[in-house]
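As structure tokens, here come the structures.
Look for chain A in each of the two complexes below; its partner is chain B in the first and chain C in the second.
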Partner chain A sequence: MGKKAMIIVCILVAASLPLYAGPYFLSVFNTIFVYMSLSLTWDMMLRTGQLSYGTAGLFGLGAYSSALLVAKAGVHPLLSIVLGGLFAGVVAFLLGFAVLRLRKIYFSITTLALTSVFAVVIRNLPRLTGGASGMVLPSALFSGDAAKNYWMVFALALGVIGISLWLSRSKTHYAINAIRNDEIAARSSGVDVFKYLLFMFVLTSSIQGVIGAFYAQQYAFVQPEATFSMNFLLLPLAMALVGGVYSTSGPVVGAVVLGVVSEYLKLIMPYGHLVVYGLIIVLVVLFMPRGLTRFVARQLARRGRVGGADRAALGN
Partner chain B sequence: MQTVPLLETRNLERRFGGLLAVKELSFSVGRGEILGIIGPNGAGKTTVINLVAGIIPPTGGQILFKGQRVDHLPAHARSHLGIARTFQNVRPLEDFTALENIMVGALFGRGQNLAQARATALEICELIDLPHYDRPVDNLTVLDLKKVEIGRALAAQPDLLFLDELMAGLNADETREMIAVVRQLQRREITIVVVEHIMAVVKELTERCIVLDGGTIIAQGSYAEVAANERVIEAYLGKEA
Partner chain C sequence: MQAAGSAKRLYIYTAALIVTAIIIWFWEPTALVYGIQRGSLYAVVALPLALILGILGVLNLAHGEFLTVGLYATYTLFRNYGWDPMASAVPVSIILAVVGIGVYLLTVRQVLKAGHLSQLLITFGIALVLSELLKSIYTTQPRAVFTTYSYAFTRFAGVRFGIYEFVYLAIALGVLFGLQLFLKKTRLGQATFAVGQNPTGAAIVGINVRFVYLFVFGLSIAIVGLVSAFMVPRVSVFPGAGTPFTMKSFALTAMAGLGNLNGILLAGLALGILEAIVNAIPGGAGWSDVVVFGVLILVILSRAFRGAR
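And now, the complex of A and B:
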């Protein structure tokens, strides 16, 4: 079966899941698509060479702004999801002028600190945000219809995959790869480094905001601890590392594999599944440092079945 | 009417803490000229390139390109204006093939789209004789990496090209091949500044050269003139006891 045919089958199976799967499976895959989208955005930013720890922060900002728009201004939940993404994008644009002057670990730590700052500010505005106990919305998105929510998050994930694929075929791909490889060589070749970093930071933050907003509307609930949870940073990061960074296929495969493994482990060992889960991540990163997708592609290439698959995986 | 030089520096200065790496440096390069900048190690040659290309800001003086002040502009803006450079220690973009490396110059130095950049890069590969352009750069020889450097700079279609110690690390045969490549560029009427440590290369390629020592010009003129200059001999060989 060709690669294209396989992708089409995967999309059809995923799209038709609500027709034959029960609410448990829908909820598992709903969560997987949330993390897959976040993982792709984290990876897209990493392609510039900047390791962002701000994923949970922008996710939370999108969630809170959407929840507030619905609860306080009576905005339609679907519109609030768009506006949540816009808000996260505007915040990223303004912060970008400060944080994108930093590089490497300084950028990472600052984005991590910003996540804490967002959570602290929201916790300290109890009249507006409900403070530490959070806010419950009058109704969940699509009145909590599991199938509709699933299709919504599936569509969002497909959109993010589309953006990631477009990016890897665009002029921007050359700019951000050049910046990651050698910033001085990039600047000397005419790459406006700050412009491209800002574009990528705003793009990825907006998507994180949209996903956060969807998450808030789906569960009709926001609360600082839960909404700014480090899970929204660490799980996407682990998924991209396990699947393979600097690619679209890596975070997608990583999200599905880790998502399914984590659910399975929860079922067979309710206590201690996180230890095994962590161990799997460590082992994959240690023994397949370029990720699952490139490892498999290389094994296939070695058997002579797929030529140049490793480079193809790199490009996709 | 007097013609404006393509590049002119006026009392250029760069200080690194207590070290004055470049001081009161004034020189100009005319259109179509091939200028050599020579000098012993630590003379400030690479610093001059970094200053003109905008990698580091000057601490004093002015840089004029096509008659306009450019010393306040970031590196990428100077690239857009037509200043390109290669690096003494090659800086290939490692996740790219040789061709993609060269495309970067065309995409961002000249603002071409992907199809145009690819066509430009292929044309350049032919010009500089780089047959292995589809290989990842980590599979290339030093000579080919140097060619990728030139190719990337050339793809921006610059008016002024700085070649920073292009021959460093090359053997005699490779040096000859590289000199042939630079001669190809001469035919394209690109203004070139050859920054070299090796005097013989400068003799071979340039019409005029300036000699730097301690960040300032100690001699200038034709190769024959500077090679006979006592201060130059002293700078290279040391003072006789």
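And now, the complex of A and C:
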């Protein structure tokens, strides 16, 4: 009961943030929710056992398609966000037939290569996309109203959390867990491996596209370097790892913790503050493969002399 | 490290490459020359990545960042002590070997048995730590080392081209020859070969597998250091300078097939020449990056569809 009440309080506090917080805090939490959503999608794909390095690529595709729709076709920004997600989803669907036949390092490296291909192609179509200098949209989403933008990204993040929770209660959850643990066993038990992989790939890619499209509309700006930045891969990845992979709570907690920490770090070390993310990734993989939330939970459980049943994370 | 019958294929590919090269020579001679130079560089950088992947089974995503560390080490020796980059080759290899062994002992060794997810994540984290550390020490400002010999040129059959970068071809051949000799003729090399084939079996017959892993990792990173010293006269040194080489190296390894060291040189030359051709096409300069990634994706996919993973 206490847990439920705490979640409701958290949601209420977060939802009412624009009423009492200043613009700086709003922008910090706005960014945190963007990364939180990406982190959840990265984790959802990881639950199938496939480590994707393509988060930034689909994010960028969504951003660019939405920006182009607004700038060249005069589509309403909100509709363009939906269409941006749809476009990323369609691209993922088509690529999925090839990419999802790959496993392990081959899947990861191909998704990483695809991100670069997207960025290079967009940079080399200056007439359409503005090339390397990017493109500025005539007006930002909600005319740049910080509170409305915040509520929008908050709603998106809640939606992604909802999808993630629904997934962990659905039949799909058992199927993708089975695929992750032993693909051959899953296949022989009648799980249509490719179908589930394709579903997860398209789902997570569409969400990444929507988040990218929102990001582009919010700042009314797209540029290959900034839009396909490795940060949109790196930060979500570190957040999910810190919070604990294969869960909904992990990326959420990780995003809040790392988001706040990184704001502080930016202030004290302007050059190379990302080194902390690298160290976090290395240290978590080495010492806390179950992530921060489960690490803390276990410490608490040990203190209360209640045995916690841990499942080995990342240990396949 | 070669399957039976692949020697024949090697000759076929070599012959095909030579024929293509002659055709390109008549069409766009400089593209051929620069393609060979760049391609040799790609190949010699890819060899250590392939070695680590082949023997340890770990894809080192920090490969390019080790190269960047080497570039900065060479640059620092030049700036602080006035050492010529070529003269720094040996000290930089030693520095890199030490760095590599340190990184191996602290991190990579712990995840050798942990599965590919942990390995991919940890080497990705190492890449980030290395490049961000370099950023915090040297900032992002590009540095350069000027030497008089690096822009020497020559004329051949009426075509004028730079000759310094042929040093990469020499190093590539030297490293390749040295590695083959090491793997075939020395005791440690044969042990390494055995570990690459079957680590459990190698351990049973009394090979110190852990030492072989340590040695291979250190040796590979030392080779990266050697190459980086020779690169410094011609490239600008910045924190992201080595990063693209990770993907290029993996592309070559995938093209050649795991364990085929000779194939990497051929694949490197093919990729280098292809890139140079795309660069030579008017308006194609921006697209040459797509060549690498496109080739990489096509090669990986074609292998997947043929059922070979």
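Rule of thumb we're sticking to: the second predicted complex is superposed on the first by the 284 of 316 C-alpha atoms of A that agree within 3 Å, B and C clash if a C-alpha of one lies under 4 Å from a C-alpha of the other, contacts with A are read in each partner's own complex, and residues count from 1 in each chain.
One rule holds for everything that comes next: a residue touches a chain if its C-beta (ideal position, glycine included) is under 8 Å from a C-beta of that chain, and two chains touch if they have at least 3 such contacts.
Bear in mind that the values here come from a model prediction, so they are computed numbers and not experimental data.
Of the two partner chains, neither chain B nor chain C is touched by A:23. In the overlay built on the shared chain, the residue A:191 is in contact with chain B alone; chain C does not reach it.
If you count the residues of chain A touched by chain B and by chain C, you find the higher number for C. Contact with neither chain B nor chain C is seen for A:159 once the two complexes are overlaid on the shared chain. Once the two complexes are overlaid on the shared chain, A:178 sits against chain B while remaining clear of chain C. Judged by the touch definition given at the top, the superposed model places A:279 against chain C, while chain B stays out of reach. When the two complexes are overlaid on their common chain A, residue A:269 makes contact with chain C while staying clear of chain B.
Applying the stated contact rule after C-alpha superposition, one finds that A:102 touches chain C and leaves chain B untouched.
Contacts of A:289 after superposition: chain C is touched, whereas chain B is not reached. Touch criterion met: A:114 reaches chain C, while chain B stays clear of it.
Once both structures are placed on chain A, chain A residues 314 are touched by chain B and, in the other complex, by chain C. The touching residues of chain A, counted against chain B in their complex, run 170-171, 174-175, 177-178, 180-182, 184-193, 246, 314.
Per the touch definition, chain B reaches chain A in the complex via residues 53-55, 74-77, 79-80, 84-85, 87, 91-96, 100, 103-105, 107-111, 113-114, 152-153, 156. Looking at the complex, you find that chain C touches chain A at residues 59, 107, 110-111, 114-118, 120-122, 124-130, 132-136, 139-140, 247, 250, 254, 286-287, 289-290, 293-294, 296-297, 300-301, 303-305, 309.
Partner chain C is touched in their complex by these residues of chain A: 46, 49, 51, 53, 98-99, 101-106, 108-110, 112-114, 116-117, 120-121, 123-124, 234, 237, 241, 269, 271-275, 277-282, 285-286, 289, 314-316.
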